[in-house]
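Take a look at the structure below.
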Amino acid sequence: MSARKLKVGCAGLGRMGKRHALNFLQRTPRADLVAVSTPDDSELEWAKANLAPYGVTAYKNYEDMLKHEGLEAVVVASATAVHAEQAIKAIEAGKNVLCEKPLSTSVEISQTVLDAAAKKPELKVMCGFSRRFDASYRDAFNKMSAGGIGAPAVMRSQTCDKLDPTGFFVAYAEFSGGIFVDCSIHDIDLALWFFGQDSKVKSVSAVGITAVEPDLRKHNDRDNAVGLVEFHNGKIAYFYASRMMAAGQEDTTEIIGTKGKLAVNTQPALNLVNIFDENGVRREIPQHYYDRFEYAFVTEANEFTACCLENTPVPLKLEGAVQAVRIGAALQESLITGEKIFFDDAGQRIPKARL
Amino acid sequence: MSARKLKVGCAGLGRMGKRHALNFLQRTPRADLVAVSTPDDSELEWAKANLAPYGVTAYKNYEDMLKHEGLEAVVVASATAVHAEQAIKAIEAGKNVLCEKPLSTSVEISQTVLDAAAKKPELKVMCGFSRRFDASYRDAFNKMSAGGIGAPAVMRSQTCDKLDPTGFFVAYAEFSGGIFVDCSIHDIDLALWFFGQDSKVKSVSAVGITAVEPDLRKHNDRDNAVGLVEFHNGKIAYFYASRMMAAGQEDTTEIIGTKGKLAVNTQPALNLVNIFDENGVRREIPQHYYDRFEYAFVTEANEFTACCLENTPVPLKLEGAVQAVRIGAALQESLITGEKIFFDDAGQRIPKARL
Amino acid sequence: MSARKLKVGCAGLGRMGKRHALNFLQRTPRADLVAVSTPDDSELEWAKANLAPYGVTAYKNYEDMLKHEGLEAVVVASATAVHAEQAIKAIEAGKNVLCEKPLSTSVEISQTVLDAAAKKPELKVMCGFSRRFDASYRDAFNKMSAGGIGAPAVMRSQTCDKLDPTGFFVAYAEFSGGIFVDCSIHDIDLALWFFGQDSKVKSVSAVGITAVEPDLRKHNDRDNAVGLVEFHNGKIAYFYASRMMAAGQEDTTEIIGTKGKLAVNTQPALNLVNIFDENGVRREIPQHYYDRFEYAFVTEANEFTACCLENTPVPLKLEGAVQAVRIGAALQESLITGEKIFFDDAGQRIPKARL
Amino acid sequence: MSARKLKVGCAGLGRMGKRHALNFLQRTPRADLVAVSTPDDSELEWAKANLAPYGVTAYKNYEDMLKHEGLEAVVVASATAVHAEQAIKAIEAGKNVLCEKPLSTSVEISQTVLDAAAKKPELKVMCGFSRRFDASYRDAFNKMSAGGIGAPAVMRSQTCDKLDPTGFFVAYAEFSGGIFVDCSIHDIDLALWFFGQDSKVKSVSAVGITAVEPDLRKHNDRDNAVGLVEFHNGKIAYFYASRMMAAGQEDTTEIIGTKGKLAVNTQPALNLVNIFDENGVRREIPQHYYDRFEYAFVTEANEFTACCLENTPVPLKLEGAVQAVRIGAALQESLITGEKIFFDDAGQRIPKARL
């Protein structure tokens, strides 16, 4: 292990940006956070108070940060709308890139990041699907790969948020790409991981409702949605996404094989405490995705750093990020139109007339 | 409580018939099992050994049993193919009827039982959906009805059998009506129970695979299937059925409401024993549906008996049994054709051309 | 299986007596409840309303019931103070006896029942330790016997009641023999069952407090107590008993062996429902011992009946009931005096002076 | 938050020393690991490979490390036999000290560390009881402190190691102080934490066996032991320690109060994966204490560092470490002699003759 450290910059200091910045500053021993950028003044204030004492330079302008002396890698943790643009600029500037998911809510724009990366094969470019770095999902994947459940055949996976009573997610829906692109994208990525990245979609169909936020319909979105995905390799996945969980974040996955099943987080728990009182036996559960996946993000930062320093392949292929958006967008379309959508085994959509 | 007992006959002494006969003989204090019928000689032998000592008369012919002196009620526990016919004959003979599910795999034939029952409103005629009598499902229903989860919006429910390595279910698929009619019928009935018996289906879609038994395709069936059902009242249900569980029977249900969730059997357990050994912590789970629902069948026998003796309404409406078959059959059709099926709010199917 | 039924009488119709009477009347197919006895008028009223319609004769006088035509067996479910006397009278009258635990809170009086039974070896005389008939404990015992945990070495077991806010148990403590004789007697019996009925006690020590009911001290009792028991065969058991559980009845047991551990009810649950709401994930648990052990009592009734009809040995030896009281009484003494008590391997207490 | 970092040295690079060194190097952002010391050549080699590249100086001699330029704090993670001596030397040299538990297996020697610390009140001196830094224990403590279980009355706590088939712990027993001092010390510390650091012991008694390692008797030790501790404030704690768990590390605690119970880790789990296969439902559990408490050690390092930098009190008093050894040693004595030991409320042992 070399003691050389990777010089990292972080674009965006919103909720997730702050976490990435601190993770690279404090919990990634082989990285040096050297720079951050944000157009937001209050975020710049935060950087001044929390990062500057450790020698981190804050830029108001992203392009200026890219020119930071010795910068080797960029974490793109800004608004989704600028993910692709910032990622491409970083790639063109010769920086390794860790981009928050999704690359874009648009398949076409996501593809432009791949195209840019293809021209710089020496760079590490990774889209951060946090569950790939979670210890439980990895354990499940390893057990499946070792044959513990026979051949995987069916996946059930859900990403369900605790209800945010401020209704923030209604405004957010205007830009999120919809519940399948925003939430289920993780579950779709899991299906591609567990079933094989080359799994080709055969059909998608979806239904949804607005049980708590009818206003979501203005943005062609729903607060509860269920989607079915059929793959040409004879596997099926079904997804549930919700914005109205009462107890907390409930992200659970089951992988059902011909000889067994692996269940991840079907019995959620915040910690190891059980409370026995007049209401029975109770435990608390994580409230938000970061409560659940905090250490996955730390692992992600450390592994991305190691790949850059040691020039090893990143653990998930960039192509997968485009595939996931493609499936998510098709589910979202089916959710809104009510129609089932079919694809041939070359990945081409089959026109309705041909069905 | 009167000490008068209901005189009951049981048609069919196959696996489930034997259980019904013994439940009415031994575990239904207010009933007297007085007669049984079966065309099968080995089953008659079993009756001779196990029921005759208690004064139960065994008939080879169903019609003869119907004429048994004083017979008041009939449990139809024969092959599905004759459920409707035997139920109708019993109704016409003035007997109360508890019919195993389904009335028939055909919607039309199921309806003929309703028609027969409508002519004898004084009789109790019930189709036995065992989960309606299970203590856990009832507790969940009561908690939901008391407002504990706000307004119910989404149901996830699955009926998953342990893999039967004899492949019995392949031959059985010829007559079963398919995996949605045979297995998911229970989940569909639960949706109608929890969402309201008057819930009207808006659309169904389904996908499925043959992960372990390709031969099922000969009978237009699958060994794993997922179905989506959308109701006109803005609720959705999604179902999973499987024939290949490794650990045992896994029948689980979640009812998700605007203020909470009720989960039934998402942590299955055979009993209260946990085994700690070099493999970790382990518990066994029920192997077959009767391991799981034995006491529900006992409760069913006792409640049906009480309704007959006290002339009170049976706890579930016969109409529901037809509704459930209608939805199950539509899901099965969608599973095979791959097409989503739509219904208007009068319950009429919307022709594809009109979509 | 013969259709002959065992004619059973039940002495005492208090809370537990009613349950035994109904279990033998309705849930023990091979038994006929023919008679009951109680000196209590309101209990006689209850019998008139609930048992008389089924042909059960109610006696005010126990001795009269013993003379009931054809009576073959007696369930002694009266107050503990008369258990031994009634059991002995029944034995002397040639009846089989199922006696509620304990035979007596006194070792000496308990022994008189054994002496009486020894003179009538043809009779079945059993002291009802309900956990011996519980499916989970039996499963654990079978798994241990099959070698699943190597050699059993340590047992932890607890009998913990939900706090009864009426404080009934304070008055009850005058006659109960104390918390170790009343509650832990079950755990002691489990230790004798799992470690071998011939396990000889080497020492006992105990401590206790009155956390909620200081008045218990008037009766030399405590509301929380922990006891240690060392056996001459190199095994140890430790027990916890409490009167102040908030959530419900918590009777749990662990058997720790050289190669594994069996845990019974360490995750108590009333049923299979989990409630997800703003407080986290919650389940209810049994409130009282009958909620937990109802089916064990039914099994007990059926197995006792079968032993009488088929003249097979009862599943637990009567001697055990005296042993359990002996250990319980020694723990209770240690709890009050604070002194550790030692026994030689002949079972004789070692005087303090000799230590 | 200042960016100044605490300069830390680590004494000892055995299993736990390596972990401490790496935690201070990589996972304690406000600390700089500047030096380590060990007399062991292979450990020095390890330091050369793993620490030297980051600028950490390795010393063969502890006293030399104490003279390292600018050193501010020392982590004593060497063999228990030199804990006290090294801690005192560091204190005398004006360094803050984080000492691994126990200060010593001797009460008297432990006290010398307190005496040394008392002379330098400006220094932070802390004995590392890892459970005090564990998120679940802290959550339980906070819930208890907030009144969630009424008044705490009884604690059950166990420290049970997975069986080490090499029998390492037999040789180790020569120096460990015995199973109560080595293992239960954590549980004792928990009792003092939850019941109040000023809780005074009234009596202790213990029993134990050698179920798997009879050779432990040579060192006056046992492989399974149960101890009872009674406090003068009317609370009781009981402890179980074992060296022969089959499934893994099983450190569990229950705090029982007058209105509820808090259970920590009574359902151990390595992660969030459940495996369903032909053996039922299974999960893995942590194998060793570091699997279970890794993040507690990281938190400990960070909090100790913050206390040193900000001159705030350390979260647990040094006196507690002596109290815990006193109770542990008394339990160990009772385990071996078989005698119960009594203390007056001034903490003085009551001679046997006076009982």
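The chains carry the letters A, B, C and D, assigned in the order they are written, with residues numbered from 1 in each.
By definition in this document, a contact is a pair of C-beta atoms (placed from the backbone, for glycine too) under 8 Å apart; a residue touches a chain by one contact, two chains touch by 3 or more.
Note that the structure is predicted; figures quoted are calculated from it, not measured.
Shared contacts of chain A and chain D, meaning chains that touch the two of them, come down to B, C. Between C-D and B-D, more C-beta contact pairs are found at C-D. Chain C and chain D have CA centres that are 41 Å apart. Our note on geometry: chain B versus chain D, Cα centroid distance of 57 Å, whole angstroms. The residues of chain D that reach two or more other chains are 149, 245-247, 259-261, 266-268, 270, 276-278, listed in rising order.
Taken as a contact graph, the chains are fully connected, with every chain touching every other chain.
By the touch criterion given at the top, residues 1-3, 25-27, 29, 50, 53-55, 135-136, 139-140, 143, 148-149, 259-268, 270-278 of chain D touch chain A in their complex.
Listing the residues of chain B that touch chain D in their complex gives 245-248, 250, 267-270, 276-285.
For chain B in complex with chain A, the residues that touch the partner chain are 149-151, 153-154, 156, 203, 205-209, 211-212, 224, 226, 228, 230, 234-236, 238, 240, 242, 244-247, 256-261, 266-267, 338-340, 342.
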